[in-house]
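Letters are used for the chains, namely A, B, C, D, E and F, taken in the order the chains are written, and counting of residues starts over at 1 for each.
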Amino acid sequence: MVELVPSLLRQELDRLAAEGQRIDGRGQFEGREVHLEVDCLYNAEGSAKVVWGDTIIYAGVKFEIRTPWPDRPTQGSLMCGAELRPVAHRKYEPGPPSPESIELGRVVDRGIRESGCIDMDELCIVPGEKVWGVMIDIHVLSDGGNIFDAAGLAAIAALRTAVVPAERFDVGEDHTLKVNGTPIMASFKRAGGRFVYDPSEEEELGGDERIHITLGDEGHLHSLQKGLKGVFTPDEFAEILAVAEQKCSELREMVAEKEGN
Amino acid sequence: MVELVPSLLRQELDRLAAEGQRIDGRGQFEGREVHLEVDCLYNAEGSAKVVWGDTIIYAGVKFEIRTPWPDRPTQGSLMCGAELRPVAHRKYEPGPPSPESIELGRVVDRGIRESGCIDMDELCIVPGEKVWGVMIDIHVLSDGGNIFDAAGLAAIAALRTAVVPAERFDVGEDHTLKVNGTPIMASFKRAGGRFVYDPSEEEELGGDERIHITLGDEGHLHSLQKGLKGVFTPDEFAEILAVAEQKCSELREMVAEKEGN
Amino acid sequence: MVELVPSLLRQELDRLAAEGQRIDGRGQFEGREVHLEVDCLYNAEGSAKVVWGDTIIYAGVKFEIRTPWPDRPTQGSLMCGAELRPVAHRKYEPGPPSPESIELGRVVDRGIRESGCIDMDELCIVPGEKVWGVMIDIHVLSDGGNIFDAAGLAAIAALRTAVVPAERFDVGEDHTLKVNGTPIMASFKRAGGRFVYDPSEEEELGGDERIHITLGDEGHLHSLQKGLKGVFTPDEFAEILAVAEQKCSELREMVAEKEGN
Amino acid sequence: MGGYGDVKLLREDGKRLDGRAIDEMRPVTIEAGVLPAADGSAMVTHGLNVAVAAVYGPMEAHPRKIQRQDRAVIDVRYNMAPFSTGDRIRPGFNRRSREISKVTAESLESVVLVERYPRSKIRVEIEILAAEAGTRCAGITAASVALADAGIPMRDMIVGVASGKIEDTVVLDLDKAEDNYGQADLPVGILPNTGEIAFLQMDGDLSIDEYNLAMEYNHKAAKEIHEIMVDALKRRYEGGEA
Amino acid sequence: MGGYGDVKLLREDGKRLDGRAIDEMRPVTIEAGVLPAADGSAMVTHGLNVAVAAVYGPMEAHPRKIQRQDRAVIDVRYNMAPFSTGDRIRPGFNRRSREISKVTAESLESVVLVERYPRSKIRVEIEILAAEAGTRCAGITAASVALADAGIPMRDMIVGVASGKIEDTVVLDLDKAEDNYGQADLPVGILPNTGEIAFLQMDGDLSIDEYNLAMEYNHKAAKEIHEIMVDALKRRYEGGEA
Amino acid sequence: MGGYGDVKLLREDGKRLDGRAIDEMRPVTIEAGVLPAADGSAMVTHGLNVAVAAVYGPMEAHPRKIQRQDRAVIDVRYNMAPFSTGDRIRPGFNRRSREISKVTAESLESVVLVERYPRSKIRVEIEILAAEAGTRCAGITAASVALADAGIPMRDMIVGVASGKIEDTVVLDLDKAEDNYGQADLPVGILPNTGEIAFLQMDGDLSIDEYNLAMEYNHKAAKEIHEIMVDALKRRYEGGEA
């Protein structure tokens, strides 16, 4: 009877939407409070902790030395993965990576990769022989809704504060990783029939499709993803895209501030 | 109660056998219509499509460059695998390779390998350094009975029309793969108490053991396999072996014709 | 209702303990009869069979040539693993390694490794290039209780009689593996409220926590492990530690005798 | 998107390397009812891509924990055959396939009248036999036709189409070279009757204006492909059972 | 079959490298009831091969979907110990072992009176401790004796035997070198009382005449091994419980 | 234990490399109720180690075969985050983590009043975010506090502590260098109220006397950490719900 709750919840979300309300009192495009902390974990070469409402996510960056692909001898590599482990919520079960965790990791990965903020040629140590592999791991500790945006924020913040551990690998001096841009994700969820920004846990349970938009510094699209059951119109998309531009700018500033620390 | 069907089906097969009939009107050693198409898939270096009654199977050949085993420095390798994916029938489930798919791949593999039609020394590029690995993948799209014979036919036809992609790997010019022979499989199933050639889906459901015989150009045995519950006598084997010789010759001619195209 | 048995069994073990008895008539710290056989399997470079009451365990040693880790260019490696396959008892199921089998392998591994009986530098063939990897596999064929002690005994006996197969790998002449010591495990189980040595199958079913103690030639501790539900006091530990010293000495002599053969 | 080389993808005459115009699609053929063992099936060729879809069901959903009291679940497996790509793909677990399977299933649930079949499961198997960029779109198209062929009621079909960007120019329907060396790809699933969107992914770099143009191309192509889908189903009904 | 070297396997006197005649088997010993924890068990040494089989059951078949209403299922696992071969075998999934397990189970189902135990399962565990060519046959023989030792009713036992071809000569019971460098191998499972065949595999190159001769050798050897099997069970019954 | 280098771990003044005395612990901080989604949670920093534990339940135990009629089962997962160590750890199966999870679960079952919740399951998730030697002990401490935070009744808490041996000297609470180059490690789980031991592992080389001294240090440290645990829970109760 788990499914009874979403059904009642759906009715409540419909009722609230009709009155222009949200279940936690926020406006349609109002986000929750976000706290960002960087450089917070021993052993990670870059790390960030994001507390986004009841959602808590860590991201950690590690480096390894790899042999480059023969057809790209000067290019390093970037990999971003996410784990939705059972620690994060009663609903997550142990086992091989779920489709949900794969989607989360890949959507964050594409946003960062496609923004071009990491120049793969900058990761070359010895052409054809040694390049850096950069690995960002997203670790969700508490899922209180909208883990996509929190994960994306943690990942780029960890990456932008990462130090390449060249000394440990005996290939030069440690240096800051060069990151040319701050791609930020904004996620929208259909709840009560209309799209809201930054869905809460209840809105995720009683809502329909999600749209994840990653924007770069110049406002260009770098990644789009629609998830879950539901369809949307071009007009709806145009509306949320405008909201995304504003939200991404605000969060980009937050990252910049933390880097200054 | 799935098992009720086979039980009634068994009775029907017994009744038909007593009258010298088969459930689809064929004679005891009469095969179904077979269509063979080769070189039908972009990206595969050799490919074949077999439509054998209601059974549809593709086989594709790919090449890779490998380091040879230290004790066989001039020898390449051949690998044949089969997937019985859920696309092929309601009865197949997703998951790791089933014993059925492993058996299918290995029986086809042995027939081709043991016929000696691929000279492993011909797959050498640079002794001790680079050899070709040839991989045949069998992809069953529709299981309408007797997938073994259809898979074996698709595999050898794909192999015999394969082109070694030397240019793509920068090791010379593309050239036809040398294949010295056309091993062909003939499968028999006990249905209604006696063996029939080329079992249909119903005969597989209501029958007993199968025997798979792979014969080379000269009529020699290269692979035998008995599968499923049941025993047979040496006399029964002698009878079906004679049938196999004729069936394999006919199919071998079909392959030769397609190569001519 | 499988759990009814342990409940009645527990009462019986309590009653027996109150009278200073054990279910098979042994004294509290009396072990079962142990038979050890070495060099008993073709293809294993070292092998041992232990029959310990109703428990039967084989251990086999294999060698491989590896590239050493860059930071330890002269050091070989040792690995000990255990499989609790379904052959050994009705209760074992097929599938990936169970926590029980992982614990068994790792506890035996630590006892041997930490005793220092294998000098990793002795496993060097060419510094930085080739070292020996020594692999001990424990194969439990019949679990009649106390598989830890039987596995530990089989492992060290197989190791102490192993021959390094240098000729097969073309790196010199075959020679006995140098093993400096004979670490031996002694296991205790709380049954009927007190600890007993060498628990039988029934005591394992109706008892509480286990303590595994591995002692080296000089009586030093090399590995400790507490398993299963239960707590113990420092005084209890002191008592069984004294028993362990005596039991390990006896078994160490048994190994020495077999080596003489 | 790759986008790392200096590969020319547009000719001097403004056409693409294979001679297509900026807003021209590769040739598409569709056949319904191609697999005798399936309840519904379709084969789509789109350029050199070959995608086959099989539908089984509705059938009982098991294990029971996947059952939904009020609707059918749609179980999609998108799979690339080992020989479908330049380098052979190892069979088995694959993160890309899992993601595409998930979002494809969710798209199809958006149009199938799943509430008609409570507690049941509809299996959709998409097999890519040959890949030349755009397989997820060809798979969605094939799945829609196979569902219709199986007689599963839908409120609309979904047409899989993609546009992208090469040499700073928005173009319809990237082929393999354009996908490898281009700047953006925008694959979508469009409901031909309403113009709504059931499937959306994008990666690369697109300004808002470029996005809008790419979507315009996509909507236009969706209409063309939809006609081919309808034709295939008509031929199937006229031809009777396979 | 390997068959790729110029290795001499027959001596000038017509004997084989280990001194056996063309139609001579390696020595075989069998002991029943060797594993206290099992319901039935046996150890077979055949040449240097060591195969142990344990039988558990009949027991309830679970999960329920493997149950058969009208008979017992036989669940066979053929497994090679990591130290049983020249190079160590990694524990776990293995295509060869899966195939042998499947066809061995099907052979045993052909002789066990499975209809006596509807909805139940009989577990047969075959462990190869040392391998010197011919392990699947030694495993089948061990499994037959273990089933008898467990008191499972059978309409006949199965004897595992193999013949093959080396240097164009048909020989009985290939040893390791003969298996590595020979031209064909024909392992079969024979019902000693009827001469019927429950297990059949073959690879390599055999003319029909060679096949017939190899089968003749196999039938002869099956009789010899059958006597050793019966002896082992007699000793076991006389000796009482292990 | 590594113990393979000639690394100096004790200074001339008898102190350790980081300035600690022989019997001095690294700094420990504990916070309860840190994860909003969990029923109970705690974060422990012990030196540079960071361990987080979440508790869910008691909840229905499924699949049913793991249920116990007379008590709750405790399902522990000890997991190291990929970025928690010097070299990245690949997510997934790991023998070390499985073993630690098993013995940690068994320890917690020794103190939780599991008989209060028949047929149920209590999930304990231990995540190591940063590792600097001693993570299993930090995990046990975190799990105890998280269980208390979740309101699960226990007859005592368990404090995770370790002593070891470096340069033939017994010391309390090995740090990373001491763990890498030391001679023995003795991690235990102590019930602070009774001094009983619920968790015990040890590897390396310890004489009986050395063992006794190491355990003396462990008992002393357990008292100190227990106070910090109690403080964390007090702050949590005073602060109300997170």
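Here is the rule we use: a contact is a pair of C-beta atoms (placed from the backbone, for glycine too) under 8 Å apart; a residue touches a chain by one contact, two chains touch by 3 or more.
As the structure is a prediction and not an experimental result, all values here were calculated from the model.
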{"item": "For chain D and chain F, chains touching each", "value": "A"}
{"item": "Chain D reached from chain C - shortest hop count over touching chains", "value": "3"}
{"item": "Relative to chain E, chain with the most remote C-alpha centre", "value": "A"}
{"item": "Chain whose average C-alpha position is farthest from chain D's own", "value": "C"}
{"item": "Between chain E and chain F, centroid-to-centroid distance (C-alpha), Å", "value": "51"}
{"item": "Between chain B and chain C, centroid-to-centroid distance (C-alpha), Å", "value": "48"}
{"item": "Distance between the centres, which are taken as Cα means, of chain D and chain B, whole angstrom", "value": "31"}
{"item": "Residue list for chain B, restricted to those that touch at least two other chains", "value": "96-97"}
{"item": "Chain E: positions in contact with at least two other chains", "value": "none"}
{"item": "Topology of the chain contact graph, where touching chains are joined (line, ring, star, complete, other)", "value": "ring"}
{"item": "Going from chain C towards chain F, every chain in order around the ring", "value": "C, F, A, D, B, E"}
{"item": "Parts of chain E lying in touch with chain C, wherever the complex brings them together", "value": "34-39, 48-50, 52, 54, 56, 59, 77, 79, 81-88, 91-92, 123, 125, 127, 129-132"}
{"item": "Partner chain F, residues of chain C touching it in the complex", "value": "3, 7, 72, 75, 96-97, 99-100, 102-103, 105-106, 110, 113-116, 120, 209, 211, 216, 219-234, 237, 241"}
{"item": "Interfacial residue positions of chain F with respect to chain C in the complex", "value": "1, 4, 68-70, 93, 95-96, 98-99, 101-103, 106-107, 109-111, 184, 186, 191, 194-208, 211, 215"}
{"item": "Sites on chain B touched by chain D in the complex", "value": "41-45, 47, 54, 56, 58, 60-62, 64, 81, 83, 85-90, 94, 96-97, 135, 137, 139, 141-144, 168"}
